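Quick one: structure below, then a few questions.
Letters are used for the chains, namely A, B, C, D, E and F, taken in the order the chains are written, and counting of residues starts over at 1 for each.
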Amino acid sequence: MPDTLLFLLIVVPFLAALGCLLLRQEQLRSLIIIGTGGLLTLCALMLMASTPFSAAPKSILGISVSMLIQAADFFLLGVIGYYGYKHRNLLIQGLAVLQFVLLACFETFMVAPGKEYATFYGDTLSLVMVLVICIVGSLICIHAIPYMKEHEHHLQLEGSKQPRFFAIMVLFLGAMNGLVLTNDLSFFYFFFELTTICSFLLIGHDQTEIAETNAVRALWMNALGGAALLVGIMWIYSKTGTMDMQAIISAGPKAALLLPLALLCFAGFTKAAQAPFQSWLLGAMVAPTPTSALLHSSTMVKAGVYLVIRFAPAFAGTFLSLGVALAGAFTFLAMAVLAMGQSNGKKILAYSTVSNLGLIMACAGINTKAAITAAILLIIFHALTKALLFLCVGTIEQRIGSRDIEDMRGLLTAMPWTAVILVAGILTMILPPFGMLLGKWVAIESSSQQLFVIVMLALGSAVTVAYWARWAGQIMSVSSLGAREPELQPMLTRGPLAALLGGAVLLSALWPWVYNRVAGPGPGLANPASAAVMGFMIVVIGSGFLWAVNAMRQARTARMTRPYLCGAPENVEGTYVGPINQDMPVILGNAYFTSLVTEDRLTCWVNMGAGLMLVLMIGGAL
Amino acid sequence: MKSLFLALIGMAVAPVVGGLVSGLDRILTARCQSRKGPPLIQPFYDAAKLWGKEVTATNPWQAFCAVMYLVAAAASVGLLCAGSDLLLIFFVQAVGAVFLVMGAYAVPSPYSQIGAQRELLQMVAYEPLIILTIVGIRLMTGSFRVDAVFALDQPLLFKLPLLFLVLGYALTIKLRKSPFDISACHHAHQEIVRGVYTEFSGPYLALIEIAHWYEVILVLGLVSLFWATSIAGMILLVAATYAAEILVDNVSSRMTWRWMLGSVWLSGLVLSGINLVWLYAR
Amino acid sequence: MAKMTLPFGPQHPVLPEPIHLSLTVEDEIVTQAIPALGYVHRGLEKLVDIRDFNQMVQIVERVCGICSKIHAMCYVQGLEELMKVDVPPRAKYLRVMWSELHRIHSHLLWLGLFADAFGMESLFMQCWRIREKIMDINEATTGARVIVSVNVVGGLRCDVDDTQTRWILSELDEVEREVRRLESTFVNDYTIKKRTCGIGVLSAEKALELGAAGPTLRGSGVAQDMRQLKYAAFDSIDFEPVTALDGDSYSRMKVRYYETLQSIDLVRQAIAKMPDGDIAVKVKGRPEGEILSRVEQPRGELFYYIKGNGTKYLDRVRIRTPTFANIPPLAAMLPGIELADVPIVVLSIDPCISCTER
Amino acid sequence: MSIETIPAALDTIVGEVVKMKAQEARFLTMTAVSLDEKTTELLYTFDQDLVMTHYRLTVPKDTHVPSISPVYFAAFLVENEICDQFGVVFDGLVLDFGGKLYLDEEAQRTPFCKFAVTRKEKA
Amino acid sequence: MAKMTANILRNFFAKRATRLYPIEVRPPFENSRGELYNDIDQCIFCGACALKCPSQCITVDKDQATWFCDPLACVYCGVCVEACPVHCLHQKTTYRPVCVTRETIFQKGVLKEKPKKKAKVVAEG
Amino acid sequence: MPVSVIKDFIEKSRLKSPWLVHFDCGSCNGCDIEVLACLTPLYDVERFGILNIGNPKHADMLLVTGTVNHRNKKVLKNLYDQMPHPKVVLALGACGTSGGVFREAYNVVGGVDKVIPVDVYVPGCAVKPEAIIDGVVTALGRLAEKRAEASASAKE
């Protein structure tokens, strides 16, 4: 059974991608995407029944798997090199050549056929990842169908580039599935590079100048990570003589392996866009929104944290672990502060992603069982909510033509449905009893022994609440009810949004169950949010919610007053009578603290700090 | 079951006590200014009157936010009385704070909007301090739970003196007392009128006042944990702390948010850092 | 960086008077401030057409209730000069006494309001509590707390006897004790200095160029005070203007604080040197010609232009009050400060809009 | 009795004011008086060390007067006031309230004129 | 701040300054200028008060022997009192009580040539 | 607790907690400073639960000092409209009640009652703090009367 599911989860997306590319008919393509999405979701759910499992498929469609992967590895490096050449980027070319040479040496001279082991393996961590990838990823792809149509309409393209776009999107899902399910380091390397390529192609999709620069930046940073990964793998192999990840991990912390593991973590940091590598993810914002949603929630950056969490047991209790925790916590705080100074909605989302991943990294670095559990839980809830928020912003941007949160003031009148979903989404990010917050709670509780980490988490967590609450508040800021037009949207836009929000809420309600399922059986792991506590909260806050809804309904019939403007008369709505009896507009705006520090300067400091942290982390491994 | 019972009792009694504390506060403040001051139950008159006022609104969403603020404040007090997890209590009260801010944001009036922004900054200032205090407690008791504090045989105050000061900062902000009455004020002698409260009126303001009483109790409850070994000690500590608050309120001018953020983060972090390092070092 | 506009007034709790400022702030820093007036404009200068020059005394007193006595004094001194009336010496000393009492109450009032602007309610209460003693002196000696209405053309309407002066002196001792008790708070308190030092800086050159007056000017280090003109009995009273050098809100506060103490001393001097005699002379004739009259009122230099035409109705009275002169400096000080400092800077010129707009 | 003044004319007044500024005199105020139906008198007052200097300018009602607010910013308020009350139009005001500094539409226009003039709109 | 703390504590322990007004009424100062009243029997309706009043709120009709005042427009300056040749006009030391509707004072007296008739005081709402 | 007890408490509270907003409608400051003096230790109107709340949306009582002119009458009306019911208006001083000495000036409209309904007139120039306190007490009486009338007519 797992074998079939494995095949379906990894190979079907490849085939579907091929289908998208070849069948250039719109309805058919939509059908393929929806079908693939459905199938992947189904498979992922079915996989739940059979974890943990391991498998070692020898061949696929008659071709030897390892041969295939080996060949594909070189092909990918070739592709990277090609793009490096095309964009005249020496760094990328150099990295590609370096990896090519290393890989060639590795494959030809070092790898000796060892004993058989399972090339694929699935435990709770991989299962969670697969579920996230398949469900959230598919929803994003589905949402992208109407989105991309509109997008190309806006751009007034001559020929549609959608086939290529969707092909890469679904391919991405397959690559991610492969990445999280494999147990073979060389396979892992392949999938890792594949995600790099996919993201590069997606970021550069619109082929504008800025898109291409940013895509190239993403490529070199990730190629750097890839190189580190490759060196790390070779090093590990040279020490242990095996590519079997489980074997390496279960052997426990070994001093000799710390440096290569640090390289692995470094690779994870680049991929997860941790400071100082956040710039590639911010640059990725130029891509169409579904791309951002995919990169931020269920793929790409999650590959980075997955890598670190996967290998966490192998460096538990070492200085490396502390380094990871510190670097993660630092990113959490620094990115939250940067987000506070942003008015660009997508940038806020991006910084928040990096920030949250920093939190996950910090959990991985703390490296207790509770912390790892927290990390996994955060992955789940972050994926759901972040995808939701990106899709909302995308939807809003297509309607109001801006992604600036200042322009979303009073969105409630223009897009009531989406506005409410967006606000609800934001609230699930920061408030109990929703999963993100509960995850953060577990994280803080488990980090209480690490002074610096906890201080940074405490600060970061406060800043996080601030920038989210500000945004949510602004959206609801309307002065009169006016005539609210009902919002019209295609089902394919609205459905995924509702599903993502519903999922986040439902899973939060099921927290005790989710927690137990993720944490697995084991001693000394008290779930702080026990069923009793959750019950209390849900009853009190839930009934409060009903009361509040009722109060809101009653308030609709109340006498409406105008905002307080110091008594200045208001002849025209949104203005007051000011000097010379002129109608002065009431302009509202947030403080973004640009007078204190600009993004550039802060980024510079943050990068220096983060660089220091990384040096500390790798140096600690020595 | 017992804790549920305690929670319910706490939620029922807290507003009464909170209101009385507020009333006492006003009398004592008046005395510091050589005035007579209002009757003790003045806060109840205020709230009842507000409740009986005409309902006017600028945006119905305000009503939602006001109710949620109250509910969250009540829930956090309930959890405190039930001896629950300190971090959870803290997070639940943050729900209230967030809804208060959103309610203030809900009206396009510059005054409530600036109030909301400042309230957020205040949250940024006090939240880390409270978390660090809680961490300090956890280091002493080995658990994040309130009931664990009562198991100690020595008052926390001796081990966490600096953190207690830090909590004092957070408290002053939370109680909206000078020098931290930056985002809102009891009386509006502020450049932003009543800040976050500006646009809430009538019954909604009443809800917010009651929620504030809950918060007063929550905050005082946290203070009392520092002398959990005897009832008398708890009461004494709470009274002394509150008296100090009133004194500080009367002898300091209002800070600006820049000054607040800088000084609170700096001194708060340094103090809690020293205290925590000392605890870790032991 | 997002912009925000903020209608500050006409009804705003930190400004009991209706002035409006259209503020533009970015990150809570004021980038633009446009004043709007006209909410207190009554047009009382025009009442000269229907009220005779004697009745106008009561009307100019109501230009502003805080220093009503000084308005009337400035007006009647102008008319007395125009009509060549010699006011009895005792009246001159009494004028000094009451006008300095007014300055004390006005400065105490201001110190309280200023304290409230930086959020120190208890200090506000304390200043106003002390001030009540002066109000009592006013009421006991003149019959009214606020609009004392003692001046008439040619002298005064009421006198004080020895028991009253003794009582006034003892009350003043008490006031001085209480005011001195606040000295170290106003001058040295850390939080107050933090909120006022370096806020709303006006250099001496700038202050002169923008026409600042009174404590606003003296706070910038310019020792100019209309009492140096030696009107009323100031020719025989020791007087040195109080100044401070920094030109910020703190300096202006310091000037007013020390002027309060100085005025207590001036009242004592006036009482000590007061001769016996009449308090008024009968005035004959009608004013004709034009005259300018200047006195120092609590907020600075007050300027009256009076033009008579030989009838009992004057041709023109024009009042230029100190706040009128201090509004341009205020407009220059506002941009660049924090929103939270707006009340502090606005109050630091001790604005009185009712006299500005008349 | 009348005040000692230096006579000035429309084309010299700004020059004189510039001179005063060069001497670092403090601008005190301007005073307008409506002399009769046709003429308004403007009195410019400066102060230097407690000594006042005055310039007197007599203008027909319908002339435009050059504003001195570019020289002395402080003059903007009083010039606006005179514009409100006397209908004198100042050219080049740095902050022009257009005759609405104090008065709203409902109020009488140019109330201080012996005979109210119709408001002159700026060219 | 220390000085202020001392201040606050002094206030706290000192006797409060508050006068409990409606319960505790301080006697007015003896020459306080308060409510205006006309001893109409004495009034000779000369009109001096009406002429001098800066607020022009008094109307005297010599023929009808009426004295009218708008107490809401009166500014209690006492100019009329000083102007009255027969000293029939006085000011109490207490202020005029508040009212919920506009009040005026309308007094009808008797011309002094026929001094026998009783005066009548009418207060109109 | 029966509903009527709560209702009675609310009615009582209306008289025990009058929050006021003060609008200076062109006053000479004489009355304003007396309003402020009411808040200060000697008179301390907080004894009656009075707070100077500064925001019409929270206020029960509007204290108006000064003459109404053409510009501020719109502001006055606006403030009055923003106050939630039940509310009362006090006109303070000669200026507030009638326009006082200024009532014949060209920019003066007159007393407050030219623009909004006034419940209590407090004569004086300037009004004495004691008179203001009397005014507030009278106004509360008016408020209670109005409530009683309203509930009586509601019952019919």
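Methods note: contacts are C-beta pairs under 8 Å (C-beta built on N, C-alpha and C of every residue); 3 or more make two chains touch, one makes a residue touch a chain.
This structure is a prediction, so every number in the text was calculated from the model and none was measured.
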**Complete:** Ordered by label, the neighbours common to chain B and chain E are C, F
**Request:** Average the CA atoms of each chain to get its centre, and name the chain whose centre is farthest from that of chain A.
**Result:** E
**Asked** Which chain pair racks up the highest number of C-beta contacts?
**Response** A-B
**Request:** Calculate how many whole Å lie between the centre of chain B and the centre of chain F, each centre taken as the average of the chain's C-alpha atoms.
**Result:** 33
**Complete:** Between chain B and chain C, the Cα-mean centres are separated in Å by 42
**Fill in**
The distance between the C-alpha centres of chain C and chain D, rounded to whole Å, is 25
**Asked** Measuring from the mean C-alpha position of chain C to the mean C-alpha position of chain F, what distance in angstrom results?
**Response** 28
**Prompt:** Listing for chain B: what residues touch at least two other chains?
**Reply:** 32-36, 54-56, 110-111, 113, 187-189, 193, 198-199, 201, 250-252, 258
**Request:** Mark out which residues of chain D touch at least two other chains, giving numbers and ranges.
**Result:** 100, 102-105, 111
**Complete:** So chain A residues touching two or more other chains come to 559, 561-562, 564-568, 579-580, 586, 588, 590-591, 596
**Inter-chain touch pairs (all)** = A-B, A-C, A-D, A-F, B-C, B-E, B-F, C-D, C-E, C-F, D-F, E-F
**Prompt:** Which chain A residues qualify as touching chain F in the complex?
**Reply:** 559, 561-562, 564, 567-570, 577
**Message:** Touching residues of chain A toward chain C in the complex: what are they?
**Reply:** 343, 406, 565-568, 576, 578-580, 584-596
**Asked** Okay, in this complex, where on chain B does chain A touch?
**Response** 4, 7, 54-68, 70-72, 74-75, 78-79, 82, 84-85, 87-88, 91-92, 94-95, 98, 101-102, 104-113, 116-117, 120-121, 123-128, 131-132, 135, 138-139, 144, 193, 198-199, 201, 258, 265, 269, 272-273, 276-277, 280
**Item:** Complex contact set, residues of chain E against chain C
**Value:** 1, 3-4, 7-8, 11, 17, 29, 31-33, 52-56, 75-79, 82
**Prompt:** Which residues, counting only chain C, touch chain F once they are in their complex?
**Reply:** 10-13, 16-18, 38-44, 46-47, 50, 58-59, 62-66, 68, 109, 112, 124-126, 128-129, 132, 135, 144-147, 352, 354
